[in-house]
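Just below sit the structures, each encoded as structure tokens.
Each of the two complexes below includes chain A, the first together with chain B, the second together with chain C.
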Partner chain A sequence: MAQQTRVRSLDDPDVFVESPATIYDAVPPYPPRTEREAEFYHLRDGEMLINLGPQHPSTHGVLRVVLKIDGERVVDLDPVIGYLHRGVEKICENGTWHHAISNCDPLEYVASMFSEAMPVLACEKLLDLQVPRRAEYIRVLAWELNRIASHALFMGWLSLDLGGLTPILYGFIERDEIVEMLNALTGQRVLFNYLRIGGVNGDLNHDFMSRLGDWMSHAAEQVENQTKLINENEIFVGRTRGLGVVDRATALRMCATGPVLRATGIPYDIRRAHPYSVYNELEFDVPTREEGDSYARYLVHVDEIKQSIHIIDQVLHQMPDGTVMAKIPRWIRPRPGRAWVSIESPRGQYGAYVMSDGSDHPFRMRIRDPSFFNLSLVGHLMPGNLIADTMAIMASLDPVMGGIDK
Partner chain B sequence: MSVLARPWSRLTPAGKVVLPLLGLLVFLTLALLVGFATGLIPGLIRFVGDLLGANIGIVRFVVAASAILLMSVPTAFVIIYMELKVIALMNLRLGPNRVGPWGSLHSIVHGLKVLGKEDFTPTGVDVPVFTLAPAVTFLAPVLGLLVLPFAPGLLGIDMNLALLYFFAVSGLSVLGLMMAGWSSFNKYSLLGGLRAAAQIISYEIPLTLAVVGVIMLAGTMSLNQIVMNQSGSILDWYMFKQPLGFVIFFIAATAEGNRTPFDLTEADSELVAGFATEYSGMRFGFFFFAEYVGVFILSALTTVLFLGGWNAPFDIDPVLNALGIRFDLALDLARLDVGLLFLLALGPVVGTLLIALPIWMLRSDWSFLKSLVIGFILLNVLLAAAVGVWLALSFEAVVGLGWFLVKTYFFVFLFVWMRATLPRVRIDQLMGFAWKWMLPASLVNLFVTALAIIVVSEVR
Partner chain C sequence: MEMRRRSDDDQPNEARERVARAREADELTPSASARTEDPVQMASDQPSAQPGALKLAADRAVVEPIVVPNMVWTSANPIAYGGGSTPPAITHLRELEEEDKSDNGRWGRFDIIPTKSDYVLDLIRLNSLWPLLSGLACCAIEMMSAATSKNDMDRFGMFPFRASPRQADVLIAAGTLTTKMAGPFLRLWEQMPEPKWSVAMGDCTTSGGRYKRSYSTVEGIDRIMPVDVYVPGCPPRPEGLIYGMMKLQQLIRERRGQWAERAVGPTVPQGI
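Presenting the complex of A and B:
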């Protein structure tokens, strides 16, 4: 800051000190380490730094973004991540394959059925294991339910960040029904720990099926009600249309996947492009939009909810009988080698590249989290927009910090 | 000293209260006796009476100012409760339901909690400005209450420039918000304060221009006179003569009161809490109350200007006359003589029993005591309703106040409804809307009104 201020000393509150970069500034208390840092923290006349997060109402977890603003306009930004870093990949190396499942659970804490699938699928690939068909169908059922829960929450968050109070609660009603349903199935509301190497933990039960039946009878109508409140809302459309436009080249170059990529018109969905589990037996569309803006991303999410309901309908009709666990040895030691698995999470391609050395624990596990790549688009999208738009852009990219910080 | 102090320390807390009160009572009795004996007190009363009578204007002002200060906080409480409950119901939640019946005392407890919180002044703030800002923000809408005509004859001051005064005073709130934003030593506050300045000043213009049409029609700026001009049928309300002006006024009032969708100054998803970020305790409470009193006065002003204030939408007397219903409620209790004593002694007992006995006989699972309690409560409710009806039929002002509050709270409800439904606009959309749409529309409204007045007068 140009003007220094006299502040209370942090060591002795009675003493006022003429502070260099005061504790109130977002400037780091050390000389710039890189050229980029030097450029970012050099303020021209009329610019100031504003610190968004990590404890800010709308940064979706503990993302910190230092914004360089000129009046209301964002000139530049510096995202700071790592506040939720747990070293999951390293933790996974130190436990058995079974431990990795529950360790990967909180990565994508909004839809943890997807992140916990990573070690499971990778280990099955290394074991060349054939999973029972009923287990595959139950997995698809759980995944699609969880996708709807995540997308319903997304719709609420987006409009909450735009200042609308009500849609978030409607979204939570939708999510709560699904989460209670999965609670009946798995015994957990958020971190399910349900998938097992070679199947799933427990067959469908009566509680789950009755809740699912209740929900299916009004699911489509509920989505319709929720979208009716915001889809045609003049203010909502005015705030999101034409905002944060990603073109196809940028989206591909930045490795964006999921709804962010599909909103630019590229129909890339792992379920269709590289079918896993039983998705090649199911019929569904890959919704896309051409515009690539926040509104298109929102509409893609809405369409995907409808497709997921369609998939659940088919799964329930085609559900085969049989066991839900393959016969596997209690002590799992896959062959030495490497495996790449990827699935379509609500946020895009969730992948894992796993190395095994033939022991009972993964030798190395690298997780590709779609939120990380989608969130890196903010550097392209935010400069030039207003402060209020940073929220709309960030919310429309739908990051989950658990997976970003790993 | 220690001799006196020892019994004092042995007293119970209740005794510590009662003993000084006893002393005070003895002192006052003695003083009164001496005062009357010497003729000092009657003289003093006469002197004060003459003084007040000679300065009746000042007395009226002091009474009015105290009254609006006293009513402003309960009004805010009512609107806060209403907002919590209505938004909760729209969100499919329960809302406040713990304190009092249906959570109706929630906002009072809320207010007490705010009072009990630490009043924190952060390092680096401009202390005098930081301290004054909540008071300025709170006083602006409260002073606006002074000129609102609540009912026939029930208004603080009948000013002939009331409307001008109202806009001048309520425009002061922007000063408080800017003071808060600037002095807080926080960038979120600063942005909030600057947004407040830009927004409120921009929307003052269409707000004021929309009212000029009403002023031209009414030929006066006295709010009381404007309401009286709208008496007569419902079609005399300016809402029907100034539809465009009414819409512009309501939208601009939303922006003026910092309400959703124009609540950019404290946009909680962008600026944390805007200008109020650094405030805590009762200072934050003042901002909170200011917002809700602001909602009330803007709703009330909309009612006064466009919905006929305390005028009833239809005249009930002809209907009652046509049906042959007449109320003759000239109560003369003195005529009852000794009967009044019997009425006071036996009325409650007989009434309670009359209500309680049927309940007791119908609900076999209730004890007689429970039926009695319920009967007593019901009797009180009935008596209160009867007194209310008697008041409404005897005094014009009560009916007027009722209609005024009904209309005002309808607009309060609209504000709350909008908050539950709409997202927030962006700052450039907000300013664009003010200057590109509201200002031209209000100018067109002004022009058409002026033209219509000339044409009508020419035709006549």
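Presenting the complex of A and C:
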């Protein structure tokens, strides 16, 4: 095969870019490196390769998927990731523990309150730090609000990839309301940078509480309206029910977590299985479905929104008084050692395996992102489906490329 | 539609004289010096008069558009377009813009406007900017938020997010640009047909932002492609993006018909 070449840009002859052929031809410019690559890029009669992404509205970011198709049916596919690799883990090693919080923020940019918790919880575990109870309750409140915002966007995006424009508008109304609320609390709409080692940055304020009260008064009703729009829709049901079916064994083998796993009937929720923060004091169900298809995943998301509203209701009633920050020195040096923390993000188990060498910065931070493991299911889900349905199946896995590529 | 050719006797001489005067003025002083004294002149018609503006070569200067009285047809409806009976009081395009357009947004009679086409077409382009739907990272969420119900970009004439670069006018670079994505992203820019503009949304695309010291990111997209508007913020609010897009509209309006050659790097004039 041809060597990778660099050509002059059309706009500026002084700039060199990759040859268009190497970017847009689906075939990589190097000889196959593995047996799997050799098999995938060998075409039989009637088969052809189609390149999907990295710029495509349905890939939810900069994912690139090479589809091998036979007519309208997908035979095989090869996801290519790394288009959003920003080197977050390496950057975290170069800064202090406090810097790591804001560096981990953009990993899961749809629900960044979860990814920024990783260095916080890990450092607290290494420090054996007791966080004030009020801070724990505020964290739970922020997490659950962010979970609802993320799930509302999921419902919209899934419908958008099926061709319905209206639900995304409703999803963004819900999301913007919550995000403006968190903006009053944290000062940011997307990358909150709110959690701190030993607590949170700032107590609840009047602006936040009044917005929260407004929203709580119609939150359940808004979910009902949104589900009424989608749940019984014939096109939506026809293109999600029975498509993208994952069985339990495959889901477990591929390390799927979150709604993808719970849609197969396994009630595994970190909040219940390994309770962290104050989740063992709160009452909530772990919604599951048996079917394991796209429709079941959607319904699990809807049920989780209702459970989150229920949790927020309890948190507001049980919110204790007190400080929101533990008394810790400004210069943090955790003991040398390793720590594993994991929380339940909207997409599943968000974990971090952190090594400390006793200095003020993390020695190594390995982040386990649920989107990566959920997305790796596409190889099992896509073959045999129509090209148009690959979008719907991929959307039902709800990947966020920031966490996948890190 | 009734067509008739008017005789010269029908026309009052005033409008013709104004046109003639304007033509003489244009021939004598093709640059901005004559227009500066004109009280009707809008500031946005003279980007070159503002401090720090791009200096244009003489052959790229724009001839001021002149409205010629309609000699070709009259409307069948005697009420519409003034019945076609009176000659135009307006002789210059800038007067046409300032005219009262309360009558259902119509711009009065159909008259012939000899001008450089981009001078008029850019007015149309800036009021219907089609952005490319290409989110890179976090900023893409705010870009979508700017397009949906709460902050509706549609109100300001930036509506349909096109999925294909061949149908888009504006490239909103929303999110971190990594070295692996830089090649495909530049190809997107090159596939867009001229005229095209680009907006760098967020700190990552303006300067590198919080990933400036990463080994795998491009520190600002102006290293690989021209940028018209920078919207800083990590990420900027949707209002911020809309403000940036309105600044882009202002830029297009002020420089309409006078686009200098594109170059990689910030489009800030020399000496600023």
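Everything below uses one rule, namely that the second predicted complex is superposed on the first by the 382 of 406 C-alpha atoms of A that agree within 3 Å, B and C clash if a C-alpha of one lies under 4 Å from a C-alpha of the other, contacts with A are read in each partner's own complex, and residues count from 1 in each chain.
Note that in this section a contact is a pair of C-beta atoms (placed from the backbone, for glycine too) under 8 Å apart; a residue touches a chain by one contact, two chains touch by 3 or more.
Everything numeric in this text was worked out from a predicted model, so none of it was measured.
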item: Which superposed partner A:Pro362 touches (first chain B, second chain C, both, neither); value: neither
item: Touching partner for A:Pro287 - first (chain B), second (chain C), both, neither; value: neither
item: First (chain B), second (chain C), both or neither touched by A:Pro334; value: neither
item: Which superposed partner A:Gly403 touches (first chain B, second chain C, both, neither); value: neither
item: More chain A residues in contact [chain B versus chain C]; value: C
item: Touching partner for A:Gly87 - first (chain B), second (chain C), both, neither; value: second
item: Touching partner for A:Met391 - first (chain B), second (chain C), both, neither; value: first
item: First (chain B), second (chain C), both or neither touched by A:Leu169; value: both
item: Partner chain in contact with A:Arg189 - chain B first, chain C second, else both or neither; value: second
item: Which superposed partner A:Asn103 touches (first chain B, second chain C, both, neither); value: second
item: Residues of chain A at both interfaces, chain B in one complex, chain C in the other; value: 24, 56-57, 169, 173
item: Residues on chain B engaged by chain A in the complex (per definition of touch); value: 87, 90-93, 123-124, 185-188, 191, 260-261, 263-264, 267-272, 419-429
item: Interfacial residue positions of chain C with respect to chain A in the complex; value: 133-138, 140-142, 144-145, 148-151, 163, 165, 175-176, 178, 180-190, 210-211, 213-217, 224-226, 234-235, 237, 262-264
item: Contacting residues of chain A [partner chain B, same complex]; value: 5, 7-8, 24, 48, 50-51, 56-58, 72, 159-166, 169-170, 173, 229-230, 233, 235-236, 238-239, 386-389, 391
item: List of chain A residues in touch with chain C within their complex; value: 9-12, 14-15, 17-18, 20, 23-24, 54-57, 61-62, 82-87, 90-91, 94, 102-103, 106, 109-110, 112, 153, 168-169, 172-173, 175-176, 179, 189-191, 401-402, 405
